[in-house]
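In the two assemblies presented below, chain A is common to both, partnered first by chain B and then by chain C.
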Partner chain A sequence: MSFKLRSVKVPANSASLEEARARVFDFFRTACRSIPQIMDIYNLQDVVTVSQLRSTIASEIHKNSSITNSKVIDLLLFKGMEELSNITEHAKQRHHVIGQYVVGQ
Partner chain B sequence: MASVSASCLRFHPLLLHSNQPAQGSFKLVSVSWPKSWFPSLKATRFRVSCAAKPETVQKVCDIVRKQLVLSPETLLTPETKFSELGADSLDTVEIVMGLEEEFNISVEEDSSQNITTVKEAADLIEKLVQKKAEAGA
Partner chain C sequence: MALRAVLLRQLRVPVQTLALASRKSQPWSFSSCIRLMSSHDDHLSKEQVIGRVLDVVKSFPKVDPSRVTPDVHFQKDLGLDSLDNVEIIMAIEEEFKLEIPDKEAVKIDSCNLAIEYVYNHPMAA
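Take a look at the complex of A and B:
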């Protein structure tokens, strides 16, 4: 129920870089808090640990750290949110998740 | 006169138990306050003086070390700022999330903005663990 609410949110329109930064951290926190649920859904307990997934998410965010246009950041956040909702509502399958976020980082 | 000396005596066991380095300042403060305030004083002082238990600080240090991939020789005191260790803001948020997971607590948005040193993180953790224990019990 909480995931449906997440994806329907209106795309953010950050006024400044600071606001965009705050949104990025909120997104990161939301993602980290849903990691246990993700591990449960896809049975990843033997494959990865929570901290490994957390650092994967952090590195994905870090890849785009040089961007200064707040609108671009908003769009990236929207896509990130979309991806997170897809994963948490089991729209992906185990091999997708493992291939994209566990192996080959 | 007698009451003042009694209050001084009462505080010595407290100070011995908590093993705080800055005992001189506590003694100075306690003498001037009236006797009736002592019970609440004891509770608040305990919270302030034992705000960062050594094991908590140690655990926080370990998590920080692992997160920022620090070499074992890097000096890590409770006062070190995360930015000094080469962590940017995302790393700080990640460290806070790691602490959340480790101690099974939930850090609020506003509180996590102010965490810049190891000591602040440990203090916040102590406070939240205490609150959680009170709520649970």
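Take a look at the complex of A and C:
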């Protein structure tokens, strides 16, 4: 199991909710900036637009918006980073990405 | 090596005189010459920036387009939350082909600030 770029960072250990919120926004921005690369890898140009994918990522983050424990948020961020790494390293296939993030949103 | 240096020094002289001669002979003023290869004169006008920023905000799915004005506040007037704020800023980044650093992005809270930031950015396209 090899992650290339993103797992090099030290695992998050947020002291407060504010720090966790800042990390969530950083993760969101990283994900949004890698959307063009994702669309290129999986040839999603005709299937979905960049803004739709952005909204999908935002709604996934919104699903967990009621959590107040910063350690739980850190864990969710770790899982999100792992998912993002898998997608950008082409460890998934086109039908996975379409099924999980395009259909049914 | 010394011969080469001497030869090169000799070669330098004709080029200088040629440039001077051509500059003197042309009737153009100096100010019209210096911007020939410049790529910095295609700044966006303020109306263009305002129009495009408002379009980006209006096409955001959680926003009511009729309430969008150039001085609307994202969280107070449009009822969005902080993540929606970040999303709008990312949409503006995509529209104007910019990359806004995190420190500046935190401060952009309303349409006003967004328009100002984009208008003052030299790389806005």
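Note that in this section the second predicted complex is superposed on the first by the 102 of 105 C-alpha atoms of A that agree within 3 Å, B and C clash if a C-alpha of one lies under 4 Å from a C-alpha of the other, contacts with A are read in each partner's own complex, and residues count from 1 in each chain.
By our rule, a residue touches a chain if its C-beta (ideal position, glycine included) is under 8 Å from a C-beta of that chain, and two chains touch if they have at least 3 such contacts.
Remember, predicted model here, so these are calculated numbers, not experimental data.
Chemist: Are chain B and chain C a fit on chain A, or do they clash, once the structures share the same frame?
Modeler: clash
Chemist: Touch test for A:64: chain B only (first), chain C only (second), both, or neither?
Modeler: A:64: touches no partner chain.
Chemist: Let me test your reading of the model: by the given contact rule, A:37 touches which partner, first (chain B), second (chain C), both or neither?
Modeler: Neither: A:37 stays clear of chain B and chain C.
Chemist: Identify the partner contact of A:49: answer first if only chain B is touched, second if only chain C is, both if each is, neither if none is.
Modeler: The answer is neither, since A:49 touches no partner chain.
Chemist: Output check: A:93 vs chain B and chain C. Expected answer is one of first, second, both, neither. What do you get?
Modeler: A:93 contacts neither chain B nor chain C.
Chemist: Looking at the overlay, what does A:13 touch: chain B (first), chain C (second), both, or neither?
Modeler: Neither partner.
Chemist: Just to be sure I follow: which residues of chain A are touched by chain B in one complex and then by chain C in the other one?
Modeler: 21, 24-26, 28-29, 32, 50-51, 54-55, 58, 61-62, 65
Chemist: Quick check on the complex: what are the chain A residues that touch chain B?
Modeler: 21, 24-26, 28-29, 32, 50-51, 54-55, 58, 61-62, 65
Chemist: Please output the residues of chain B touching chain A within their complex, sorted ascending.
Modeler: These residues of chain B touch chain A: 88-91, 93-94, 97-98, 100-101, 109.
Chemist: For the complex, give me every residue of chain A touching chain C.
Modeler: Residues 21, 24-26, 28-29, 32-33, 50-51, 54-55, 58, 61-62, 65 of chain A touch chain C in their complex.
Chemist: In their complex, what parts of chain C are in touch with chain A?
Modeler: 59, 61, 81-84, 86-87, 90-91, 94, 99, 102, 105
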